[in-house]
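The structure appears right after this line, and notes come after that.
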Amino acid sequence: MPDFDMGRYAAFVWPAWGISLIVLGALAARALIAARRWRREAEKLDQERPR
Amino acid sequence: MSALTQLIRREITGAWQGGGGPLMACGFLACAAVLPPLASDAGPGALVEAALPITWLALALASLLSLERLFERDLDDGSLDLLSLGPAPLEAVVLIKALAHFLANGAPLALAAPVCAVSLGAPAGAAPMILLAALIAGLGFTLTGTLGAALALGARRGGLLIAVTVLPLLIPPLIFGAAATAQAAGGGDFGPALILLIAYTLFALALTPLAGAAAVRAAQG
Amino acid sequence: MFGLANPQRFMAFTRPLVPLLWAAAGVLLALGAWFSFTAPEDYQQGDTVRIMFVHVPAATLGLGAYAALGVSSFFALVFRHALADAAARAAALPGAAFTLLALITGSLWGKPMWGTWWVWDARLTSVFILFLFYLGYMALRAAIDDEARAARSAAVLGLVGLINLPIVRFSVDWWNTLHQRASLIRADGPSIDGAFLPALLTMMAAYGALFLALWITGIRTEVDRRRVVAARARAAAGA
Amino acid sequence: MHVIAAVEMSRLGIARGDRSLFQDLDARLEAGQAVALTGANGAGKTSLLRALAGFIRPAEGTVRFTDAAGAEIEAETARRRIHLLGHLDGLRPGARVRDELAFHAAWLGGGAAEAAVERLSLEPLLELEVRKLSAGQRRRVALARLVAAPRPLWLLDEPGAPLDARWRGVLAELIAEHTAAGGLALIATHEPAHGLARTLELSV
């Protein structure tokens, strides 16, 4: 069973994990959104003038 | 060989005249060094320990801030292309520019460094080592800074960009130089630190012409 | 490796790879978290050792990303591969983010252990300097308007940075020995207690997979972006 | 010292950033010929000149320099046989005209600074600072290096733009003398390319 009782260190362990997951999540989101956006633009380009 | 000597003469006069030459750089060193004692509420005496670190910080910043115009002017007036069409490879031109700039700014700064350190409270006995370390480290700062000046060519706010890209690269000479002067001040063995400092400056002497020329070509293309 | 330098072949090759990488990163991250919170408490550090499971991978990937950036800069500069610059560019932001996370988690670990938010430990200081290298690289890219020129200048700085990293690392370690303070964060050295290995290795793999996913997705985005921008410019030129 | 006898451009293509300026350019410059380089703004005239001077790496195609015997000349050595005169004159504003001219002559390998001063009548300007000169006067000082340091290949980017009618005439004479002596010249220009053997048109 995972031990979620950090005791007196809770104020350090949870922020460490929390900030890490938030930043990684933001990185992933940013990358995926940009990827989808430019993929769609590129595909639109291919339909107009197939290379 | 008259072409190279002409270039050396041109660069030295350019560096010397450009904005008051050494006066500007030494002026900055003095300004930077006078601020910490004024900013410290515990009176000047408390900063004796910090005399050397303050001097080294002021020296590093002074070396960088005078480099912004090293290539920028030649790009603006078109003589950078001219320099690339000459008999000497661009690597030699970059090295000559760096050395000319060191003579006009780095060397005077190295002379001012011991005065600045002793006036901040460093032991007078350490002055010769401060001068020596400031000369060697100053050359390292100027060489790596020259690389930064080439990288920042044509960029907006070049001076700030040089500081942000180059300062992290100045950490090794700063550590070795400061250690050498601290050892000398404390009567310790400054040998290893000095050797490492010389090693860094030789490394910069080798790297700067290559990377600097590549950066200039990047800006010309 | 050389075959992939051609954008079309790279895009085709990585198309199936990207979803796999994202899936692997997600699974490994969940598994790693599970291990991290089922590992026993460290007899000395108690639960704070769980911060190590996010600190060490972040520091490692921060350095790994800069290696990727530096090597890509080498290929961009020496072999002028079209993709190499996109690869260097795509590695910068994730690398900086990992390094920043290493600093944040490092100080969150230092506070309960040593009572101060910042510890001048050789490794932590080097991570901080690595973060400055990233800032310098990104500042250079942002400061030059002409994209093609910014790319070439950034390639020089990326390579110079890579060459200087071991020297900076050496000088900081040397500086640290001068002050004889034993390195405070010993946890990721050989002295790791066996019980933590599964959690640490899984988290390391998770961060590694995540970086690869971010990096390759970033390169693909850059390839698409350049094609669209070039097409628009061509259309404008014809107008 | 006419080392470069011909410049061969085959399937040359140049891109600025990701935008390609032109592709598949095949052209040849011969000794004794001055060619006018024409084309709309942004067609890539300046980029082509800078590519021949070795500052811009072509996106595709090659540039080959050959000497009279047809043997290829390495780009690095060819660079020291080229004059590139761009829109900027390459003169430091704070320097004296005499010093800049002396440096140009020495650096680009000539010695005939006096001939250049006399040919472009720069005598009254020698003691002035470059900053105080008019655009036309600065261009004459820049043209002086073509006379002071003879080099086989001239790449001139709208050289006559800041000059008045009289000095455009002198420029035309300089080009004619250069080609008569076996030199080559590629001159980007918008004016009617009178007196120039051929025209190379860059189309989008």
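As written, the chain order gives the labels A, B, C and D, with residue 1 at the start of each chain.
By our rule, a residue touches a chain if its C-beta (ideal position, glycine included) is under 8 Å from a C-beta of that chain, and two chains touch if they have at least 3 such contacts.
Owing to the predicted nature of the structure, the values given are computational and were not obtained by experimental measurement.
Asks: If you tally contacting C-beta pairs, which pair wins, B-D or C-D?
Replies: Counting C-beta pairs in contact, B-D comes out ahead.
Asks: Determine the centre-to-centre distance between chain B and chain D, using the mean Cα coordinates as centres, and give it in whole Å.
Replies: Chain B and chain D have C-alpha centres separated by 37 Å.
Asks: Could you grab the centroid distance between chain C and chain D? Build each centroid from C-alpha atoms only and quote it in angstrom.
Replies: Between these chains, centre-to-centre, one finds 47 Å.
Asks: Distance-wise, how many Å sit between the C-alpha centres of chain A and chain C, to the nearest whole number?
Replies: 15
Asks: Suppose each chain is reduced to the average of its Cα coordinates; what separation in Å results between chain B and chain C?
Replies: The answer is 31 Å.
Asks: For chain D, give me the residues that contact two or more of the other chains.
Replies: 57 - these are the residues of chain D that touch more than one other chain.
Asks: Two-or-more-chain contact residues of chain A, please, as numbers and ranges.
Replies: Within chain A, no residue touches at least two other chains.
Asks: Indicate the residues of chain C shared as contacts by at least two other chains.
Replies: Within chain C, the residues that touch at least two other chains are 146, 148.
Asks: What chain-chain pairs meet the touch criterion?
Replies: A-C, B-C, B-D, C-D
Asks: Given the complex with chain A, which residues does chain C contribute to the contact?
Replies: 22, 29, 33-34, 37-38, 41, 46-48, 50-51, 54-55, 58, 93-94, 97, 100-101, 104-105, 108-109, 111-112, 210, 213-214, 217-218, 220-221, 224-225, 227-228, 231
Asks: Write out the stretch or stretches of chain B touching chain C in their complex.
Replies: Interface residues on chain B, with respect to chain C: 147, 151-158, 161, 164-169, 171-172, 175-176, 179, 196, 200, 203, 207, 211, 214-215, 217-219, 221.
Asks: Give every residue of chain B touching chain D within the complex, in rising order.
Replies: The touching residues are 2-3, 6-7, 10, 14, 17, 73, 76-79, 81-87, 89, 217, 220-221.
Asks: What residues on chain C touch chain B, complex-wise?
Replies: Contact set of chain C toward chain B: 77, 129, 132-133, 135-137, 139-140, 143-146, 148-149, 152-153, 155-157, 159-161, 163-164, 167-168, 170-172, 174-175, 178.
Asks: Quick one: in the complex, what on chain D touches chain C?
Replies: The touching residues are 16-20, 42, 57, 204.
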